[in-house]
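Pasting the structures in now, so scroll down.
Below, subunit A partners subunit B and then partners subunit C, in two separate complexes.
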Partner chain A sequence: MKKLTLVIGLIGSGLVVLAALVSLVWTPFDPSKVSGIRYGSLTWPHILGTDALGMDTASRLMVGAQTTLLVGILAVAIAALIGVPLGVFVGMGHKTLGEILARGSDILYALPALLLAILLASALGSSVTTASIAIGIATIPVFQRMARASTLTVMSQDYILAAQVSGTPTSVIALRHVLPNIAPLLGVQAAASFSMAILAEAGLAYLGLSAPKTVPTWGRMLRDANFLTQPMQAVIPGIAIVIAVMGFNLLGDGVRDYLDPRLQEVR
Partner chain B sequence: MPVLRAALRRLTIFVGTVLVASLVIFLIIQALPGDVAQVTLGVGASPDDVDALRQKWGLDRPLIIRYFEWLGGMLHGDFGASYLKGQPVVSQITPRLAVTLWIVGLSIPLSLLVAIPMGLFSAMMRRRWSGALINALSHVGLAMPVFFLGVLLTMVFAVHLGWFPANRYVPITKSVSQWASRMVLPVMTLVLVQGCFLARYVRAGFIDVLGEDYYRTARASGWTKWRGLVRHGMRNMATSLVTVVGLQISSLLVGAVLIEEVFVLPGLGSLLIDAVGSRDLVVVQGVVMLLVFAVLLINFLVDLAYLWIDPRLRRGAA
Partner chain C sequence: MSLLDVKDLSVSFGRHRTRVLDHACLSLEPGQRLGFVGASGSGKTVLASAIMGLLPENAHVEGSIVFQGQELTALTDRVFSAIRGRNLSMVFQEPMTALDPTMKVGRQAAELIGLHRETSTMATRQRVEQIFDRVGLDHASRIADAYPHELSGGQRQRVVIAMALMNNPAMVICDEPTTALDATVQAKVLSLLDEELAGVNAACLFISHDLGLVSRICTDVAVIHAGKIVERGSAAQVFMNPQHPYTAGLVATASIDAVEPGTRLPVIEDFFDPRQEQ
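Now for the complex of A and B:
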């Protein structure tokens, strides 16, 4: 059962990464050029059909994987690079600052990511970057809380006391003792946040608040599909989103179970 | 009265946060690029005309005065008037708020009705294939975008089977039966996705209870597994569930916009997106403030709910 989680996760996320990598050098057709008849059915050579303009769906799906991964990476990087230092900082002391940050992160945590994305898109124009930034900012509290909680656990260990007594500077303790110890948990969190970011971006793309029409994204493909005449053109990108989100989610779960047997369920 | 003091403390924090949030929202909206007067008159307008319009709308007065006017107006239900359409923001918000509130208000209780039995069952049966199946199902539901499920349900129930209409929204005041037939699919979509999401928390909560001493004592004194879980598990699970449900309501108030898009429902989220598109900043400001207020209010109510659920908090602490 535990292994199954990891295996399904690896297959799902692996498929997405593979599609994105292959699309960098090869796609069946040019994804941004009309290459077949409009509303083509699922027949060779357009194995996944063509869209309303006659562009090849398989090629667009592959290029869409790039956008999906890019948003995930950007959003998680923003959230982790801001959230983790704040969390460690607060976890290692700094009471007043901690209280202020906790309040701030409470508000940010309660603010729907979508609201942030709509506002940001209206200020900066909608693009993959604004979508990633909005999702990233909304995810900061998740990393901050997790980093703070695990830092507190590490700080109560004897080796930290030993380091403090022997006069090790706080910054060195943070970098050499705290960060390496909380890294595995944060890595698992990153996988979970990655999959949530993919889901959020798909929603934004569906609303037209992410990449412009010229860049293929799965959410946008689903929106542009006419599901009355061409149901498969809506189903295909939808399934791609489900595979990606589930893949990274299960990957995180699987790695967590593998890393930390204590988290195993009670009998 | 420690309970009252704790409740008062939370009320103070709530009011303070609302005030800070209102100032932040006001400043952000003012800082957004794009002068509404310029946008209205077009790029070719003369600077004099633009200035005149700014003066007419009162945009030339100091920020601080405009902030307090806005804040004071909201206290007696006046959110200002839209620059573009001239009509009060409130009259635009009210009918749309009703749509969103119906969707959210119906789907949250119903998704709990799905999630609690589902989570309880998959916790009890987690060593059997039936429990694993339910758990796997909730994993798929977790990864399912609401707009995709909405499209799928429309394809099956509206297009293929023809059970429900898929066309424009009818207000409940016009025809209850037509309104209801148009609410089934959107609410069903949200219930399925939210149900799967909440079921995972319910499952984890019940599994925690299985490892507790009080549960073992209950079992040893002859209670059945189910009775032990339901009688002891519910309240212990409730605290974490209340938090998650609170967060779900806040995210749904805005997140409902995806469902509104799929099913062409005129809700609050679509009003916000339209207003952002047309740079109708008074409307944007009003809707955002309303949403943020709702989110903070829910957080406040969740805090109060803790006091009610968890007797330990009532005895003075926090």
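Now for the complex of A and C:
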């Protein structure tokens, strides 16, 4: 069962990564050039058909995988790099300051990613980067809370007391004892947030708040497809999004089950 | 001059200042071993935490703790850190949780040396293996490369003891170090502790609720009840001729062999009624 989760996750996320990597060097057609008739059917050489302008859907899908990964990495990196140190600090540190920071993240939590994205897009212009930054900022509280909660659990363990007793400075305790012990949980959270970011970006792109028309992204493809006349052109990027979201989610769960020494002990 | 001098130490918690330690006084000479006996919740661990400077933020401390001529209650965390782990160390009750599950035990032990001394990686590793060997861990280098979950309870506790002795401390606080172990391993770990403490001539504050253990390892005994130290003296004196009714109760309940078969076993309340005290 555990193995199955990991395998499905690996296949799903592997497909996305593979598509992105291959598209760096090769795509069946030029993804931003008209190469066939409008709304061409799913036949050779356009195996996934062509879009409203006659550009090859398969090629655009592959290049879109790059954007998808970029968004996930950027958003999770922003959220984790700010949220985790904050959470660990709050979990280990002073109570009053912690309360203030925790309430601050609650306020941020109340602000929807969509609103933040609209705000940023109007200020900086809509692009994949602004969308990623907006999603990243909106995800900070998730990491902050997760890091704080798991830090509190770790801090009540004897080995933290032992480290304090042996005169280990607080910063060293945070880096060597707290972080490695909360890392498995954060890893799973990162994978989950990664797929949430992909989904959020697709939504933003669908609303025109992410990549401009020239950059092929899955959300954009959904937006440009006419579902009534050419359902396949909407279904295909939709399936790609589902595969990516599920793949990274299951990968996170699977890797945790596989790597966590504490779960291994039970096995 | 005594190694450790605790004078009129009172610790209270919370807004209502609930007192868990009431004017405790005790002193320890270099190399001396003091057994600290009391029931659960009597304040044993609070005293140990107070000496180690590990009381939670909401604790209110009065009185003085002087260790090696230095007043500990007034120290900042930074200065205290330098003393902890080098001159003052601690053996924990639960070997299962006293080691970081994500770190090889050899590295955890090496960290202790690195914190207080400038040494090369090679020398540190040698020292770790040497100490592991001394506390009776076979294949020291293999154990040093193991994660805590790969070791047995007894092995882990040996590692914990090795880590406490790593920097040749002047005093070791043992907080029920054998409670989590079974009887056979308990006896082995206890005699190991006995040898090793003598080896580095470290003083020891041995916290336990088990009189038998205390009498085997300690020369002196202090009995604590409801936050007050009710009796203090040499182990022989306290056990043979207890002065306080609570101690008398403890001794009587611990010596089951002396009870005639068929008669009721003694309980502490036969000797001591806590309500009369107040």
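Observations on the model:
Going forward, the second predicted complex is superposed on the first by the 255 of 267 C-alpha atoms of A that agree within 3 Å, B and C clash if a C-alpha of one lies under 4 Å from a C-alpha of the other, contacts with A are read in each partner's own complex, and residues count from 1 in each chain.
FYI, a contact is a pair of C-beta atoms (placed from the backbone, for glycine too) under 8 Å apart; a residue touches a chain by one contact, two chains touch by 3 or more.
What you see is a predicted model, and the numbers here were worked out from it, not measured in a lab.
After alignment on the shared subunit A, the placement of subunit B and subunit C results in a side-by-side fit free of clashes. Contacts of A:H177 after superposition on the shared chain: subunit C is touched, whereas subunit B is not. Of the two partner chains, neither subunit B nor subunit C is touched by A:L21. Residue contacts after overlaying the shared chain place A:A121 against subunit B, while subunit C stays out of touching range. Between subunit B and subunit C, the partner in contact with more residues of subunit A is B. In the superposed pair of complexes, A:Q164 makes contact with subunit C only, with no contact to subunit B. By the touch criterion defined above, A:I82 lies against neither subunit B nor subunit C after alignment on the C-alpha atoms of chain A.
In the superposed model, A:L222 makes contact with subunit B only, not with subunit C. Measuring from the middle, so to speak, at the Cα centre of subunit A, the directions to subunit B and subunit C differ by 100 degrees in steps of 10. Between subunit B and subunit C in the chain A overlay, the least Cα distance found is 15 Å. Within subunit A, the residues touched by subunit B in the first complex and by subunit C in the second are 265. In the complex of the two chains, the subunit A residues touching subunit C come out as 95, 157-159, 161-170, 172, 176-177, 180-181, 183, 261-262, 264-265.
Interface residues of subunit A, counted against subunit B in their complex, comprise 1, 103, 106-107, 109-115, 118-119, 121-123, 195, 199, 202-203, 206-207, 209, 219, 222-223, 227-228, 231, 234-235, 238, 241-242, 245-246, 249-250, 265-266. Against subunit A, the residues of subunit C that register as touching in their complex are 52, 54, 57, 77, 80-86, 89-90, 92-94, 97-103, 111-112, 115-116, 147, 149, 160, 163.
On subunit B, the positions that touch subunit A within their shared complex are 17, 21, 28, 31-33, 126, 132, 139-140, 142-148, 151-152, 154-155, 159, 207, 210-211, 247, 250-251, 253-255, 257-258, 261, 269, 272-273, 276, 279, 284, 288, 291-292, 295-296, 298-299.
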